Amino acid sequence: MNDTAILLIDHQVGLQALVKDFDTVGFQNNVLALADIAKELKLPVVITASVPEGPNGPLMPEILKMFPDVAVVSRHGEVNAWDNPEFRAAVKKTGRKQLVMAGIVTDVCVAFPALSAIEEGYQVFAAVDASGTFNEVVRYAAWDRMSQSGVQLMNWFSILCELTRDWRVHGPAMTDIILKHLPEYKNTMITFNQSSNHSG
Amino acid sequence: MNDTAILLIDHQVGLQALVKDFDTVGFQNNVLALADIAKELKLPVVITASVPEGPNGPLMPEILKMFPDVAVVSRHGEVNAWDNPEFRAAVKKTGRKQLVMAGIVTDVCVAFPALSAIEEGYQVFAAVDASGTFNEVVRYAAWDRMSQSGVQLMNWFSILCELTRDWRVHGPAMTDIILKHLPEYKNTMITFNQSSNHSG
Amino acid sequence: MNDTAILLIDHQVGLQALVKDFDTVGFQNNVLALADIAKELKLPVVITASVPEGPNGPLMPEILKMFPDVAVVSRHGEVNAWDNPEFRAAVKKTGRKQLVMAGIVTDVCVAFPALSAIEEGYQVFAAVDASGTFNEVVRYAAWDRMSQSGVQLMNWFSILCELTRDWRVHGPAMTDIILKHLPEYKNTMITFNQSSNHSG
Amino acid sequence: MNDTAILLIDHQVGLQALVKDFDTVGFQNNVLALADIAKELKLPVVITASVPEGPNGPLMPEILKMFPDVAVVSRHGEVNAWDNPEFRAAVKKTGRKQLVMAGIVTDVCVAFPALSAIEEGYQVFAAVDASGTFNEVVRYAAWDRMSQSGVQLMNWFSILCELTRDWRVHGPAMTDIILKHLPEYKNTMITFNQSSNHSG
Amino acid sequence: MNDTAILLIDHQVGLQALVKDFDTVGFQNNVLALADIAKELKLPVVITASVPEGPNGPLMPEILKMFPDVAVVSRHGEVNAWDNPEFRAAVKKTGRKQLVMAGIVTDVCVAFPALSAIEEGYQVFAAVDASGTFNEVVRYAAWDRMSQSGVQLMNWFSILCELTRDWRVHGPAMTDIILKHLPEYKNTMITFNQSSNHSG
Amino acid sequence: MNDTAILLIDHQVGLQALVKDFDTVGFQNNVLALADIAKELKLPVVITASVPEGPNGPLMPEILKMFPDVAVVSRHGEVNAWDNPEFRAAVKKTGRKQLVMAGIVTDVCVAFPALSAIEEGYQVFAAVDASGTFNEVVRYAAWDRMSQSGVQLMNWFSILCELTRDWRVHGPAMTDIILKHLPEYKNTMITFNQSSNHSG
Amino acid sequence: MNDTAILLIDHQVGLQALVKDFDTVGFQNNVLALADIAKELKLPVVITASVPEGPNGPLMPEILKMFPDVAVVSRHGEVNAWDNPEFRAAVKKTGRKQLVMAGIVTDVCVAFPALSAIEEGYQVFAAVDASGTFNEVVRYAAWDRMSQSGVQLMNWFSILCELTRDWRVHGPAMTDIILKHLPEYKNTMITFNQSSNHSG
Amino acid sequence: MNDTAILLIDHQVGLQALVKDFDTVGFQNNVLALADIAKELKLPVVITASVPEGPNGPLMPEILKMFPDVAVVSRHGEVNAWDNPEFRAAVKKTGRKQLVMAGIVTDVCVAFPALSAIEEGYQVFAAVDASGTFNEVVRYAAWDRMSQSGVQLMNWFSILCELTRDWRVHGPAMTDIILKHLPEYKNTMITFNQSSNHSG
C-alpha cells in the first residue's frame, strides 16, 4: 500500500457516452468506489482529462469534489496520457511503483499508458470495472493486449482488499467504502446489525 | 397527477437478496427514483413491509429517511399487502384511483396487490424497473399475468413523464430527479451547460 | 386453496434431455419445489407419464418417493394427457376447479392439456419454471399461446404464496419449502437467526 | 399507402445518449431507413423535437437534410408531442388515418402520442426498431403497454413492404432503400448481378 | 388433421442471408422438420417463392426434392403471398381451414399472409421456429402483431404433436421425424434400445 | 491424488449474497460436489471462514455437517487466508503440494491465496465453478490474473476425473458423486438401468 | 497434412446429454464436419469410446458408418484416453505428430489427452466446436488450461483450411464438406451458380 | 505510423454471409472505418480477394471506390494470403514492419497470414472488430490462437489513436473519421458545438 498510486484517466462526462459495456449507473458507482479507495486509504492520486473544455466535457463532478487539492492534468492533444510530460511528472512525483489505472475508453486511455508504464518498469494494475468502452468485443481485445504485456486485470473490490489486507487495521475504511458502493454487502450488514439489536 | 398514489411494497434489505433480474446498484437507483418522483411531486405514498423485524429486514434506509411522516404499514403475515386492512385503509385514504405499485418480489408483492386493486376498480401501473425478482423467466411470467389482467407496465422514467407532462410546469422537479437518477442525461446537461458558459 | 389441484405431467428422466431452457439442477429444484407445495399443503396431486417403460424413462424418482399413494397414470399413446380418460377421471375426482400444471415439454405436455382444461371451464395456472422445453423461442411461443387462451403463467414461488396467503397460518410449511428450495432466502434466515442467537 | 403518414419524434442527437437497447450505428441506420421510406414513397412526414436548442440537441442532421421543406415542430415543454397543438395540427393536416410513429425514447416519446392517437381513432403503428430507449426491460414494458392499447408493433422493413406490396410497382424505391439500409440483401444482389454479368 | 394444410413461403437460399435470429444449421433443420411433417402425414402443401430466378434465389433444394408433385407458386411482385391469386387458389383448393405457415422473413412473408388469412376466417398457426428474420427485436414485434390478431404461435414439434395426438396411431411417422430432426430424442432412443438389446 | 488437498474458503451464507455470476441453486450444487469429492476420495480438507459470527455468516451448514472432524479456521481480519498462520499451518500439515481452491469471492478469497501459494511453490488449481463473485467482468478478470500467474482453472467434474482417472478403481465414488450432483448423467443412468431391467 | 491425425474421443450418444454449450443439431453438424475432413482428406483417424455398452451409449451411428475400417478403441475404465495403451498405440501407429482432438466433454475427454500429448512432444490442436461440455464457464476454463499448456484452439473450418491450403488442389473435397456442413456458404454457391446458368 | 501498413483481406460481399458474430451494418462500419484510417493517414494498403469472380463475390464496392489506385491481389486458390507471392510482394513493397490485418473470416483469412507474418518477424495487429466469423466460439478460439503467437488484438478506434497519438497533429483526420464512423462521439460534438454557437 505504501507503493501504490491511483491514476484516474479521462473519466469525463462527454466521454461516458462512448461507454456501452457497462450500465452507466453501475459504472459511475465503480469509478467512485475506486476514487473512494484512494481517498480513504490516502493514496496519491493523479487525475487527467483530455481537452475538458471541449466536447469530451469536464471530469465527473463527484471526482473533482473528492480531490480538491489534486491538480487535474489537462491534456491538449496527447491521446496517451503517458505522452504528456506533466502527467508523467505527476506520476513520478508520487514515488510509487505500483500503478492502478482506470479510464475511458479502456482500449485507449487505459491500455496505452498501461503499456507505456510497463515498459518503464512499473507494475500496472488495470481497474477493469472502473474502465469502460464501446462494447464487449473491444473490452476483451484490450484486456488481452494488456494481459499479454504483463498488466494485471483487477476490479475495485479486489484492489481494495489487496491494499488493505486486514479488517482489524482497515475495517472502518473498508466498511465505509462497502456501505457506499456495494449494496449487497450493505444489505447483509443492516439485517445482521438489526437482528443483533432486536435480540440483544 | 391529482389522482395518483405511489405504493412501495416490501423494498426490504433482506428481500433484496432475492432480486436477481437487476444489478443491485441499478435496481436501488430505480427504486429511489420512483420514491423521488413521489416526493418531488408531493404524491401520497403508502409504504409497507413484511415482518421487517425478521430476516426480511427493514426497508431500505434511504426510503425511510425520505418519508419521515409516512407510517410504514408493518404486515405480520399477509403476503398480499391488499389482504392487510391497514394497508387497504391507507390506500383508500389517499383518495386516489390511479395506483403506481413497485416492490419485491414482482411476481408476488407487486402482482398480487395489483390484481386485487384492479378487481376493485383501481387503475394500476406496475413500475417494473423498481420491482425485482428471481430471474427473467419469473419476471416475464409475472408481467404477462398482470398485463392480461389490465395492469399497465411502466418504468420510473415514463411514470415521471406521464405525471408531469410539461417541462414548463415541472421542469425543476424533473431536472432534480434526472440529475440524481439518470446519469446519461445528467452528463449531457453538464457538457451542454459548460459549453454554453465557455463560449458565452 | 380448497379448490386447487397440482398436475405433474411427464417429468420423466429421459424427457429431461429435451429441456434446454433451464439448467438441469435448477430445473429439478423447481419441479421438486412444486411437488413439495402439493405435499406440504396436502393438495390433491395427479401424476402422469408417457410410456415410462420406454426411452422417455420413468418419472423422477424423487417425485415417486414423495407421493407413494398416488397412482401414476401411465399413458400409452395419448400425447395430450387430457385425451386419456384415466387422467381426466383423476382430475375430475379431485373435485378442484383450479388446476396448476407443469410438465415436459412446455409447448406440448403443458400447453395441450392447459388449453383442453380451459375449454372445459377450469381455471388453469401453468407453473412455467417447473416446465421445460427445447429453447427460449419455443418457450415464449408456448407462453403466448397459453396466455392468449386464458392460462395464467406463474412460478412455483408465487403459486406457494397464492395458496398460503398468510405466514401466520402457513408459516411452517412455507419455511420448510423455502429452506429446501430457495437458498437465497435460506441464507438470509441462517444469518439472521445466528446473529439473534449470538447477541441474545 | 394513401392513408399513411410518418411521424418522427425527438430523434435528437443529445437524446441518443439515452438509447442503450440498440447499437448506435445500427439504430441510426434504422431511423434513416424509415425516413427514406417516407421520402421515396412521398408520404407526408411530421417531425418534432423537444427543446432542440437545449441539451437534447438538434435533430439528426441527416433527417433535417432529407426533408428541407418540412417545418420541424419545436416543442418547448410538452413531453407528449400530442399535447402540442402545432403537432396535432400538422398530423391532422396530412389527412391520413394510419400513423407510423418512431422516436426517442420508446416508452415516452413514442408510447404517449401512440396512445393518444389511438384514443382519437387513428390506427397506429410503432416502428420499434427506429425507436430506442434505456434498456430491454423498459423496451418490452413499453411494447406491452402499446400493444394492449391496440398499437401495432412493426419494423422498418415490414412497414416498407406493407406500404409497397408489389415489387412491380415499387421495385425501384424498394431497391434504393434496401441498397442503402439492408446490407445483407445488398450483398446478395451484388453477387447475383456480377455472376449474371460474368457468365453472360 | 383432416383440416390442416402446410404453407411454405419463400424459404429461398438467397433470402436465408437475412435470417439472423437462428443459427442456419438449426434453422434449416426446423424448416425441413416442418416439411417432413407435411410429407409423413400426407398433408396438402402449398409452396411459393418470390422471384426465385433473381437474387432471392431458388427454394432450398431439399424442399423441392421432397415435394416433386407440388407446383411452386412463383410470385413476380406480390410481397404478401395472399395477394397472389394463384397462391390463394392453391390454398383454397386444399379445402383446409387450418393453415400452418412458415417462411422468410417472419415479419413480412409470414405475418402478412397470416393476417390476411385470419381476416378471411381461416385459423392460422405460425410455425415460428421454421420462420426467420433479421434479429430478435423484429421477431418479437412480428410475434406480437400476429398474436394480437389471433394467430397462434407454435413450433414444429408441437405442431407435429397437435396433428398426431396418439403414438399408437402415428408412432412410425413421429419416430421417423424425431430421428431425423430431434437429436436429443434420437440419442435417448439409441441408448435405450441398445441397452435393451444388450441385456436381452 | 496422493498429493492433493482441497481448500474451501469463505463459503459463508452471508457472503453468498455477493455471488451473482451463478444461479444460487446451481452454485451450491457445485460447491457441495467439490466437498463430496474431498469426502469420497478421503482427501485432506482445509476449511476457513472470515469472521463467521458477523454479517458474513456461518459456513454453509451442509459443509459443516460433511466434515465434523475438520476444525474450521476462523479468521478475524486477514482477507487473504494465506496471511493467517493457522491456515498456512493447516495446509502445510496436509503435506500435499497440489492445492485445489474454491471460495467466495473468486477475485479475492480464491485469487489471493492462489497467488500466494504459487509463489511458495505449490501447484494450484482454482475450482472456478465452485467459486463465485459479483459478475462476469470480475470473474474473467480474476481468471486472467490467476491464469497468468500459473494457476490452472478447472471445474469440479474435471477435478473429479483428474483425481480418479479410472472407473474400475473409483467407479463407486464417481457414481455416488455424479448421482448427487450431475442430474444429466443421473438421468441417463436411470433410463439405461431401467431398460436393462425391463428387457432382462 | 501429411503429419496430421484426427482423434475422435467419446462422441457417444449418451454423453451428448452432458453437452449444453452448443445446440445439439449444430454440435452434431460440427462433429460430422470434422469427421468428413478426415474422410475426404484421407487422414488417419483414431476413435475411442468409454464403456459404450453402458449408459454412455454407443458412438454416434453416423461416425461408425463413416469409418467402417477403423477399430474403435473401447476403454473400460480410463477417463483419459491417453492412459489406455491401445489408444496410445493407435495414435503412435499413425506416425503423425500433429494431433487434432475433439470429444465430449471438452474439459476432460479433450483436455486430458491434449495435455498428455503435449507433454510427449506432440503438437496438439483442439477442435473446440466439435467438442462440448456442461456450460460456458467450464468451456472457457478448459480452453484456458489447454491454451496455457500450448494446445492450439481451432474450429473445424479453420482446420479444414489449414490442412488444404489451396482450392486448386483440394477444391472438390473442400466444396463437398462445405455443401454438407456450412449452409451459409452453400446458399451463396447455389444462388451464384443458378444466376450463372440463367444468364448463360 | 511511418512503419505501418493496413492489410484488407477478403472483405467480399459473398463472404459476408458467413459473418454472424457482428451485426452487418455495424461490421461494415468498422471495416470502412479501418479503411478510412488508411486513407486519411495515407498509410500503404494491401488488398486481396479470394476468387472474386466466383460465389465469394467482389470486394465491398465502398472499399474499391476508396482506393482506386490500389491493385487488388486476386488469389485463385491460396486460402492463406501469405501463400500468394503477389500478396507477399505487395506487403514487402510497403517497406513497413507493423502490419494491421483485418478480414473475413477471422479464424482463417486473418489468423493464417497473421501467424505467417509473425514467423517472418513482422509485428502484427489484428483489427478484431473489422474481422468477422461464424460465431463467438470461433472468434474467441481464433483470438486465443493469435494472441498466444504474439499477435496483438486491437479495434479500429485504438488503432486510429495508436497511429495518431496527438490531436494537435492529426485532429482533422481523427475528427473526419469519428464523424463518419463513431456516432456517439459525433452526437456529443454536435450538441457541444451547437450550444457554443447558441450561447456565443
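A, B, C, D, E, F, G and H label the chains in the order they appear, each numbered from 1.
As a working rule, contacts are C-beta pairs under 8 Å (C-beta built on N, C-alpha and C of every residue); 3 or more make two chains touch, one makes a residue touch a chain.
Computed from a predicted model, the values in this text were never measured in an experiment.
Steps from subunit D to subunit G, taking the shortest chain of touch contacts, total 1. In terms of residue-numbered contacts, D-H and A-B present the same interface, as over half of their contact pairs agree; the other options in D-G, A-B or A-C do not. Among the other chains, the CA centroid farthest from that of subunit F is the one of D. Residue numbering at the subunit B/subunit D interface overlaps only partly, since under half of the positions present are found in both copies. Centroids built from CA atoms put subunit F at 31 Å from subunit A. Averaged C-alpha coordinates put the centre of subunit D at 54 Å from the centre of subunit F. Among all residues of subunit F, those that touch two or more other chains are 14, 17, 20, 23, 55, 57, 140, 184, 187-188, 191-193, 195, 198. Within the complex formed with subunit C, the subunit A residues making contact are 188, 191-193, 195-200.
Listing the residues of subunit G that touch subunit F in their complex gives 14, 17-18, 20, 50-51, 54-57, 76-80, 83, 105, 107-108, 111-112, 134, 137-138, 140-142, 144-145, 148. Against subunit B, the residues of subunit C that register as touching in their complex are 22, 128-129, 140, 143, 147, 152-155, 157-158, 161-162, 164-169, 171, 182, 184-185, 187-189, 191-193. Listing the residues of subunit A that touch subunit B in their complex gives 13-14, 16-17, 23-26, 28-29, 53, 55, 57-58, 61, 181, 183-184, 186-188, 190-191, 194-195, 198.
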